[in-house]
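Across the two complexes that follow, chain A remains constant while its partner is chain B and subsequently chain C.
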Partner chain A sequence: MKTIDKDISIVIEICGSAGEGTISAGEILSRFMSAQGFEIMSFDAYPAEIRGFGKCVAHTRVSANPIYSPGKLADVLIALNDNHAISQLSALKKGGILIYDSQPPKPHEEDQSVVARADAVTISYGVPLTMLAQKAAGNARGRNMVALGALTALFHLDRDAFTNSIKDRYGKKKQIVIDSNVNSFLEGFDWTKENIDKADTISFQGVTPPQSKAEQKGEKLIINGNQLVAKAALDADLKFYAGYPITPATKIMEILSKELPKHGGTLLQTEDEISAIGAVIGAGYGGIRAMTGTSGPGFALMTEFTGLSVMAEMPAVIIDSQRGGPSTGIPTKTEQSDFNAAMFGGTGDCPRVVLAPTDTTSCYDATVLALYLAEKYQTLVVILLDFFLSNSIRNIDTPKKPAPKMLNANIAPDAADLAGYQRYKITDSGISPRTIPGTPGGMYFATGLEHDANGRPNYTDKGHLAMTAKRFRKHASVLAEAPAPMISGTQEMVDIGVISWGSSAGAAHEAVVTAAGEGISAAAFSSMMLSPFPEKQVTAFAGRCKKILIPELNYTGQFADFVTKIIKRPVERLNFITGRPMAAEDIVEKMREMI
Partner chain B sequence: MPNSDHYVIIGNGPAGNAAAFTLRENDPDAAITIISHENICFYSKPRLVKYLAGKVDEDALAVKTMDEYRRRHIRLRLGQTVERIDPDSQSLHLAHMETVHYTDLVIASGARERLLPSMKPYADCLTFVTEFNDTTGLRKKIADSTRFFIFGGDLVAFKFLKMLTDMGKQVTLLLYPKAFWPHRLTKDMQDAIVKNLAPTNADILADDDLDTIVPEDRGGYWVTTKHGVRTQADLVFSFNGLIPDVDFARGCGLEIDHGILVDETMRTSLDNIFACGSCAQIYNPDINTYTTSIGWPNAQAQGKVAGLNLLGEHHKVRPAGRKYFDLEGVKIKTVWWEDLEKDEEA
Partner chain C sequence: MNTVPTDAIKSGSVQSGPDHSALSDPGTEPGTEPETAVGKTAETATGNAAETEQAGYLDEKIAQVRAMDFLQYRSPDLPTWCPGCGYFGIMDAFYKACRELDLAHENICAVSGIGCSGRTPIFINSYGFHTLHGRSIPVATGLKLAREDLTVFAMAGDGDALGIGGGHLPHVARKNIDITFILFDNSIYGLTKGQSSSTTPYETKTNSHPVGNPDTPLNPIKLALAYGSSFVARGYAGDPEGMKALIKAGTLHRGFSFIQILTPCVTFDKTNRTWKALKENVCSLNLHAPAPDNMESAMRAAENEPYGTGIFYQDKERPSYQDILRQKKNAK
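And now, the complex of A and B:
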């Protein structure tokens, strides 16, 4: 038993089997909470198989205040399937709420029901989910909606507004689908209102949403990272996308397959990832804004071509949405284990830009920036997403459209340049004027061989050194265009400094706030720009931290190894590869150990 | 069927806990499970009135902590309801369609509210306070309300009435002669109670009965008595004693009257099943009949006897003789069971 005060969020998990509507229920819950004015962060965990078996979990964190990480443990667990929910009980807080099917289709063997396996301090509410769904719609498919109805009644949420969220979700379906879902929801609501006396004090009452519904209308986007990447690409005038479907990046391609042609662009589904990156580099060579998206296995296939982008100085943007690896690995679990591959994969001295969004909103910013940087610096840009960032849903303010200068960064040669045109002219910035094929006087050799300023093969030691140095010089300029690192916590000397990247960064910044409440002085540092990395800033940050902690979702601490070489001191590591995202609680627990 | 002994206790009150802890003391290896439909650890029902008044918080209700069960390896299944007993397969069918097997069963399911026949049409208008589940949300309602109507006259009714009047609430009590079930208050007793409650400033109605309860659209009720007294109330409570909570046990072959019939050793009519506490009706050889009992000490004593006898010993509870209950200054004679005494002949 506990009381949730207004500053604390509530985490709700729905657990079921694939095909039971678990993810749909989570999505509706998120949309409803957002419409009520709450901040939300939600994500789904589901099996790699399409349908029929396997555990699905829809995880939603709700708060009146900004949310930076998904939360580790749930306050409420809705069990649509006892077999799967039993293993999810370990993610339920002590004293949390369990809503379960009190009249399941088949009897349970002893100790095989979720309520039997729940901790004794769990507050359990049995609702006849199956029976009520059958009553409402003649089949059990609406059990997920019955459960949402029960949740709505238990927490005194707005029944009519929730009904509207369901109607919105199924608005394009046949009326019978809408009706059966709504009726199931109402059955669950009415039954619970009539039959359950709430025996806990977890409540949304007193949690005042920061904005009224009216104020938010039309301004908030409920969106995940993949959707936002696609939106950003369209806003940034992307004209060509080539790709091969792969979880968790497929959604980007799905969206663009519909939307890109409407914007005058082309989407090409290739036979594999090698073709995809080849096509993207070819489009870049032709002056077309181009991008591809993949995950670890696809990125591995693209590696050879990444070198061509760098060597031939042709713009290319690759989105690598990381998942458990290596090889096919764990397609539907999140990890941050492609860091080394993205930063250093490939042959030769191969500088590239690597961006890692730290939250949903920055997925938009990173995509716009990547397309701009690839074009301006005529190079490869990798965006490191991960399964969590790709799929987690946030309600965010609609991003501002990119500034005009971000939409076309080709540096065309002027007349003087075209007189005796040198495509790979050695410059102070490392950037050379680039012609689009067909430009009169602007012909050049484009090759993956080392070359001279005209693009002709040149294997001399001096030539190779000069060209390698030119390609690396671009980095100095890139860093100047990077967004400043985010630093939170006190500005003074601290006991613990947390340096993080990607989707773990939100948890790190939130952990610093929590730690401060426990008397632990701490600060956090994160940078969207990984390559080139803001080495001066991170070194200065580390200089005011007695201890350094680097949390990340990989086994060895790939980023920690990288940072250690920069700051030249040992760091504490927090690594796990359980498939769930980093939570602030994980980091705070580690910080307690370190003090 | 479990491979080793599995003692299952239905009920998480004083009788059930006494049985469980007695079993553990005398059998360190057996599996012991307590099943309760309530979502709360063993708590003090007598303190619920103070809890409702906001004088104590939930922690003050606790009688045992979770840790005590963990240390003794007693499993708690809270928030789980037994729907049926199947003595042939020695199993319990829970409401969520799980089957739990036992080698021996102790039924200590306690008692539930008693709804008088005349009040049944108005059951939806009435509020009961018999367990913690009933109190959730009620604290705030009581704090926010000003006018209360109470039907009844059992021990809790008077405690509750005084709690409300101490809080400055406006209270009307309709005193029922049958509220102190199974005893009936005589006219003299009722008069004495009315007189003794005068200092509370509550309106006490006697020699009257309920006519109607009509809910108001904006919340609250109009209560009308047979004698035409019409009273407005925000909340209407019923305190008319308790009856054994044994519906789930009916039809399984157990001999049941009001409660489950047991002998002085707490054995029921079926092998491997014991019953104790206020769900049981115990044979009294002195008066050659079965009587129910209430009260914490009785329940504890009976639970202990049930636990010991389940392990093969032979103990009896014995009648403590005539006792008196003080009902607002009125002494009421009762016969209760309490005290544990080893049967010398065993």
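And now, the complex of A and C:
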């Protein structure tokens, strides 16, 4: 066990069956730790089924310092259900801590209890979770709270503050629900204080995070990517959202269904994803900001409309929160396997903008940027989230609201443009001034057919070339105002350069820091902007790396293929399709191999 | 954008009375336009009395058409449809309906799909969006929800609306989105040269079914009624006045208006829905008296009167989608 000091950083996993309060316990723990001033990153792994016997894991990393990745192995495993927890033991560190139910309702068969399966170096604490919950509330539902009580006692956390966090969580429920939960927590706390001899070294006693966040309280948001996308969209003047329910993007629609009407906008639940993107393009044509969200299967359906957005030059924003694929795939597991679909999906020469946030905070920036770029460049913008970014929870500083120039981006024709108005005028920037319906003198005909500057169908070779080139010129203009890539590590020549994207980027940047601690010279590069891609910057970065490593959550290395073509040299790949987020530990291990 | 010189004559057919002088040819005084038109043509027609008489007739007709002032809704582009196509009649009725409703050009949005009907917005002097095959309804829905101030039309053929895009129709109808949907129903895929569509009758020989269509056709009126459309009507491409009345009524209706137009495909359908067959069979609906608010009689008419034209059903009380959203918002 590491010594506990102000650099405390631990991972706690609560494992139970769906419906046992596993996720709620994780949520309360995260909120409590955040309120105490720690950085948190948490996510839940759960089955697609609503309730039943599926395994649930609430994973929380708590740190006094900034967190970039969720951490691969747990320091602490709380087993609410022995059957499921046994399979979670492999994610517990050597010498980690196990908290289990010492008096389960039905005694386990020999070797079927989690404590019997844990290895010899595991520090195991048996707490009668069920018995204490029964004692506190007359039923076993509060076992999760008993476990949190035990955790609080063991690690010298603030009992009263924790009690308040529980009260906050159940504040809107009946008093009996609040009492049952609080009493179960206190039973667990008291029993543990009384009966457990502490054998580990984890203690939060006297630990104060480096920059005390007490004064920032209230400014901190405890939020996941989906919630932040919805918040950003509202801040960026979204007025229309159309969607069709699909995991893991549904939550965005549900939040906006509440919030959009309050902001003068409209939410439309459509009959399918084709209709959703069609309505978004229709609303964009009408001159308001519009967006839809989906996952792989829905994105596949939307593909026919993505071409129309580009061809007819109509703004459209699609969020694709990736899950395991192809086809229906694995709805509740994270993956980065829609890269090719987002970048290249569809027919024809079809330039589009693709953004991939690299962490929770950048979900906000990406959404604001996407709505701006779609409107200004009259084109398709895809935001690639994934199950992990959509659902993992961080406590972050409240993002700064978008600048006014980000909110009103349409380039309208001036009086000179309107005389003999050409909707698809050939320009250097690729942007043709756009009227919106209702503007006298600005009437035009839009079509998915190739067309001339007036929008009239035109199939000549010269015309097609000129229009295709014009549409592609938008890429250069977009790149000129793209956010700079994030580069970490040393600025010198390095042995290993890690190039990453999306939710894997945090782990890559963290890995470079860890590797540096081991004497490996390394640097990391990631870009939120995938299309157009900052080719010059990535080529320059690759130029000072002896070896290149590209870690990502898909089988073949879709991004690695893409980068290889740009930097024109082979790269090392690190691919996982485990359904778990990228782990810094795995990247570091690969780097050690490469040295 | 007005390509056809308009004059300032307020014909009796103009319903509403705003001043159209802004749209008029500034050089033309009210009432003088026929004179100049006649004068020009008369100069060229010299000598032959019969020619003069014919020229006089044409001039008179041209003058009449101009006086009706509806061609301003036509764009300068010449339609690409085959000579004799029923769509010319539909568009004539459409222009006239726009004129009589006195719609401002810039507030009209015509959204179409793919097929012969897909080209329609090109020929309208307004905003227009030629979208994807089967997808005029989703785009028109988004547009209307974004911009309630616009008058939104969606146009589609039978293959477009009932085949590839058939999944959208139930939902626009049950949501009662306030758009006017015009189904150009020629019961054939024309632009791809004569394949069976969702409304091609059973056993009709087509290029995709040379020994006879094995599929039972859909009944668009029954579908529209079953889906919950609040306005359902049928017109005939050979009856511009009738279609005009339906398009006007559909446009004024607050909610989803479904208008099927029976029209021939003169090039790829020589046996089924020909001008001759339509002319012989089309008649006015007579099952409704006094008002078409009876679903049962509408369904019966949909079943029994395949060539009956008129309004099958209209629910004037039902709120549109946006009305409902407003009610819900205000109720909070």
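Convention: the second predicted complex is superposed on the first by the 583 of 595 C-alpha atoms of A that agree within 3 Å, B and C clash if a C-alpha of one lies under 4 Å from a C-alpha of the other, contacts with A are read in each partner's own complex, and residues count from 1 in each chain.
What we mean here is this: contacts are C-beta pairs under 8 Å (C-beta built on N, C-alpha and C of every residue); 3 or more make two chains touch, one makes a residue touch a chain.
Computed from a predicted structure; not experimentally measured.
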Self-check item: Fit or clash - chain C, chain B, common chain A
Solution: fit
Exercise. For A:Gly282, decide between first (touching chain B), second (touching chain C), both and neither.
Key: second
Quiz prompt | First (chain B), second (chain C), both or neither touched by A:Ala242 | solution = second
Practice problem: Please indicate which partner A:Tyr100 is in contact with in the superposed arrangement: first for chain B, second for chain C, both, or neither. | Solution: first
Quiz item: Is A:Glu109 touching the first partner chain B, the second partner chain C, both, or neither of them?
Solution: first
Practice problem: With the two complexes superposed on chain A, say which partner A:Thr122 touches: chain B (first), chain C (second), both, or neither. | Solution: first
Practice problem: Tell me which of chain B and chain C touches more residues of chain A. | Solution: C
Exercise. Scan A:Lys198 for contacts with chain B and chain C and give back first, second, both or neither.
Key: first
Exercise. Considering only touches as defined above, state whether A:Gly448 meets chain B (first), chain C (second), both or neither.
Key: second
Quiz item: Roughly how many degrees, to the nearest 10, is the angle at chain A when you join its Cα centre to the Cα centres of chain B and chain C?
Solution: 150
Self-check item: Shortest span in Å between Cα atoms of chain B and of chain C, once chain A is used as the common reference
Solution: 54
Quiz prompt | Contact footprint of chain A on chain C as seen in their complex | solution = 1, 75, 77, 104-107, 109, 111, 121-122, 125-132, 135, 137-147, 149-150, 167-168, 170-171, 325, 328-329
Exercise. Could you please specify the touching residues of chain A with respect to chain B in the complex?
Key: 1, 98, 100-104, 106-113, 115-116, 120-126, 197-200
Quiz item: Which part of chain B faces chain A closely enough to touch in the complex?
Solution: 38-41, 58, 66, 69, 75-81, 94-101, 132-134, 136-137
Self-check item: chain A - residues contacting chain C, complex
Solution: 239-240, 242, 261, 266, 268, 270-272, 274-288, 290, 304-305, 308, 312, 437-449, 456-457
